[in-house]
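Okay, so chain A shows up in both of these, paired with chain B first and chain C after.
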Partner chain A sequence: MSASIRSGLKVVCFRKLLIPLQQVPSRCYKKGLSKDLRIQYKSRLTVGPEPDRHRSEFINWNYDSEVYSFGKRLGEDLNDDILKKVFLHRSYIEREKKKIQELGIAVGTSGLDVDHNEQLAKSGEQLASNYVLIYLRNAFPNYFEEGIRSIHEYLMSEDVLCNIGRHLGIPELIMCDDFPLRESTIVTTLMAFIGALEQEKGKERAHLFVRDFILPQLIGKDINEMWNVVNPMGLLTAVLHFQKRGLPEPRLLWEGASSTLMSVYHIGIYSDQKLIGKAPGETAQIAEEMAARDALKRLCQTQESRPALLLGKLSENLKLDEKKVNISAKDIIEQFSPKESTASTSSKSIFGIFKGNHSLNKV
Partner chain B sequence: MSGGSIPSNFLKNVLNNGIGRYVCQMKRVTFKFCKQRNDSQGTRDFIENHLLDFTNAHPGVVVYIQPRNNRPSKIVAEYLNGRSEGIATTKMPQEEICQWLEHLRTRSGAEIVRLRKNHHTDNPSTQGVWHPFTNKDTSLNLAKFPDNDSYKVPSTVSTTDRLLEMGRKLRQEKLSEKS
Partner chain C sequence: MANNRVLQWATFARTWWIFDANHQCHIKSAKRIALYLQGKHKPIYHPLSDIGDHVVVINTAGISMRNDFWRKWKYNHHTGYAGGHSVTSAWRLHELDQTKVVEKSVYATLPGNLLRRRMMRRLHLFTDDNVPDDILQNVTDQIRQVTVVPRLIQEYTQEELDAMPKLFDWPDDYEIEFKRRKEDDEIKKYLK
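Take a look at the complex of A and B:
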């Protein structure tokens, strides 16, 4: 009633008339609310944040259903027993045994004589690691073995595998001692799943899993950055020598703004009068190194414009040569006699362009 | 609100899903409802008529049913990326709940925010960024300016001449038709 009168007055009356009405105490239930909120806020600060809880502590959790769905989600038809073994870690069994011993019950009668996933993880890791190597060697047949190893190292690194495991819903299902989980535990479980696939469904199916989940992690990554080449010009010289082609000749293609901070030099590398790579740089040395890297990329066919990896439906009838071993950069360098080395002299030749004659070499 | 304070993101794919095989990103869904309240009627109908069909079609999703007394009904979906999404289904008919469930199932689980770009590419340009030397012939390095060769018009027939010629022919044809 009073509210309706007040709203009426607001329209018709002057401001002065409203003053006594505003002083009427409001009959409101939220008088102490702000005080309460302040107390709640302060106590939250003193108590600290809510601790992380395992998903199984919540009411909507059924381990059997979760494990069953895990296999179905990934399109793998494994039985529940082997799946449960995949998620069972040694630390969990040990902890449970300890608990039982403390209670004074004989361990033999507890039903804890079950297998943990260590063996599966071992075989799974071996299979995944092998398959990644074979696939990469076939995908990049002209790339150096060292480079292939670096890409393999990246794919099988704990960060990458842990990220895959997290996005497949593995962490919640793991039965182990530690919480929050260590990254290595997630990786072990993922590898154990691959091992279980190999054991139950055969190698082919396990290979398909690796191809579908681990290898796509290369998409959008620069594979040339994964292997650090210290002296690209030296390696390029050795490679050209190995291929019985002319030794690399760096030439200045263009330069601009050379007396300013924004200077740019474009250097091309020639072999037998043919341009095999070019790149820009702030100084001639940087540009020369980058050009050597570019030439190496083109020789190894790992340049940015290479065709995409064969994955998914494109790889259905993929046949990989399992015995293929790529050529090693170390072998090439060893074959190349140090007398002919132009890795050090090449930088002199580039200075020759500047110091000797300013009219640039026509290329 | 300014553009800086509204959350935004780039188009992303969770774990390159679909490159290999497609994995449904909704891992768990919980139906929370009241057994007696009228506004949970739609959820109760859904559980009675459609839930089994859903579970048979999607064995990769774990379904939980959580009755709560005198609380509003709700669907909570949990995703593989760790996020969860809730939708209030109070007073909703069962058909609408089916549609919302399908919406939740087909999502990636990523937060719905303003997209800065509607496309994504890992290789923005295979040619590389344009610079003043792109597609420039290196022989120009040796040219002495003024270089008369640079100003030379190619000896072939120009497009303007070709067009004029075509026009002239058309006019002649028209004239011959009239006569």
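Take a look at the complex of A and C:
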């Protein structure tokens, strides 16, 4: 045993001789390294993760140049004063004022009587919301007004706008009281930027920004799922009646593996002996409902095979009709069953079609 | 996402096919049936994914073999014990079990991986066209036969036979009709 160890050592020693002279070998075995790492790991566990800190607390932070490059990054040639106003929140000014008061300095001499971004945000949000609605109405001229409003609601929701703001690099530039930032603060700042664009460069430039940054969020999204229709067959019946076409007739097109758990049914919907929609489903009822949805999609021309939205370079010469208002599903249903509109308490009322209450008086 | 769910369901649904093996070569049929069992006719095919369809084969009793293959085609079997080797002719195996020849040729055509047994379970073999209702109502479509079924001389009417040009008459004792061999005692022993 000992002989074999000795011979092994000999080989090791021999190998050390073979190492070229230029290479500096390790001078120690680093005995304490693993122990140190273990201590570091355990102490990190006890102390907890490092708290989030604003970028300005680190070195190499130049607010002026960051704000300047923000404008340049987006290709907008705004002056620094208005850009700084975009990022200035009311809470920040109030906090600073309080600090100065505590120090005993008169507020008037402190140079803190600057404007915050609320007014800009308000005008920016109005512009963006308005433009999104107009664009959607022109992009989907045959879609229901309720559906357009659902898409608009999605695009102007806090999640989507906050996501856009984060990816544009807004959070690091915001001057406000709370940290970590609330989502609403980021959204307000983004809207304030749109408001600033409108104020400085005009409406068209602000519209371009909305078209380039907010509307592309629809790419890859199923717009038909945004508006929840509870009874699609009821709505389809009303629409066909409105168009003076035959009432929908569901027919079984194809069924497979019907006596097994994995059965599949394909149901088509006919109107005046023409196929207007078809869909598969696990049961005949589900397939019928999905087929009604499919028929509605085709009637509204929002099916998956529709042409892509006109964005970017394609939309350069886009002419939008600003006064366009799409047809409302509610009106169509009222025309279909005027009697039931008075007695809306009955359970069979066709008004049960919609889940959300979209009133046209909102905007 | 109800729409996506339903589309996915339809994509991965297993279709049931029916194949009439009457007067079909069992090897060519097996090649065609194996495509459907593996799901190779689908655009979503992948060798590792289990997306094959069901195939119901009817009339397996009526399969055909060319030339003298009923007599010459041999099936080897070994029990694993010493002296356990046996060789069976195709005609003999067909007499013992009329679905066995098709089953063996489909099994041999399928790739030899772990999915093979599962794919074989989706192959439903019937000697004639009496298929139970619970299987038949699943069937959606049929697989095209590999060869055209010949018209037997018994199926011609007398008028058609009379109109056909005739070069010679068969001798009186010549048997045109296909007749099965009489079942001898040895075969009866296996059938039991």
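Assume the second predicted complex is superposed on the first by the 309 of 363 C-alpha atoms of A that agree within 3 Å, B and C clash if a C-alpha of one lies under 4 Å from a C-alpha of the other, contacts with A are read in each partner's own complex, and residues count from 1 in each chain.
Assume contacts are C-beta pairs under 8 Å (C-beta built on N, C-alpha and C of every residue); 3 or more make two chains touch, one makes a residue touch a chain.
Not measured: the values here are computed from a predicted model.
Trainee: If chain A is used to align the two complexes, do chain B and chain C fit next to each other or clash?
Mentor: When both complexes are placed onto chain A, chain B and chain C end up side by side without any clash.
Trainee: Is A:36 contacted by the first partner chain B, the second partner chain C, both or neither?
Mentor: Neither chain B nor chain C is touched by A:36.
Trainee: Touch test for A:77: chain B only (first), chain C only (second), both, or neither?
Mentor: neither
Trainee: Per the contact definition in the header, classify A:178: touching chain B only (first), chain C only (second), both, or neither.
Mentor: neither
Trainee: Once the two complexes are aligned on chain A, which partner has more residues of chain A within touching range, chain B or chain C?
Mentor: B
Trainee: Examine A:272 and indicate which partner it touches, taking first as chain B and second as chain C; both and neither are also allowed.
Mentor: In the superposed model, A:272 contacts neither chain B nor chain C.
Trainee: Could you say whether A:254 touches chain B, chain C, both of them, or neither, answering first, second, both or neither?
Mentor: So A:254 meets both chain B and chain C here.
Trainee: By the touch definition at the top of the document, which applies to A:164: first (chain B), second (chain C), both, or neither?
Mentor: A:164 sits against chain B, while chain C stays out of touch.
Trainee: Contact-wise, after the overlay, does A:115 reach chain B, chain C, both or neither (first, second, both, neither)?
Mentor: neither
Trainee: In the superposed arrangement, which partner chain does A:211 touch: chain B (first), chain C (second), both, or neither?
Mentor: After superposition on chain A, A:211 lies in contact with chain B alone.
Trainee: Answer with first, second, both or neither: which of chain B and chain C does A:331 touch in the superposed model?
Mentor: In the superposition, A:331 contacts neither chain B nor chain C.
Trainee: Please work out how little space separates the C-alpha atoms of chain B and chain C at their nearest point after superposition, in whole Å.
Mentor: 5
Trainee: Shared contact residues on chain A for chain B and chain C?
Mentor: 254, 256, 264, 266, 280
Trainee: Using the touch rule from the top, collect the residues of chain C that touch chain A in their complex.
Mentor: 1-4, 6-7, 9-10, 13-16, 54, 134, 137-138, 140
Trainee: For a test of understanding, state which residues of chain B touch chain A in their complex under the given definition.
Mentor: So the residues of chain B in touch with chain A come to 14-16, 18-21, 23-24, 27-28, 30, 59-62, 64, 66, 80-82, 122-123, 126, 131-133, 136, 138-139, 141-142.
Trainee: What residues of chain A sit close enough to touch chain C in their complex?
Mentor: Against chain C, chain A makes touches at 222, 224-225, 254-260, 262-264, 266, 279-282, 286-287, 290, 293.
Trainee: Can you tell me which positions in chain A touch chain B when the two form their complex?
Mentor: Against chain B, chain A makes touches at 59-62, 65-66, 68-69, 72-75, 163-164, 166-169, 211-213, 215-217, 219-220, 253-254, 256, 264, 266, 268, 280, 304-305, 311-312, 359-360, 362-363.
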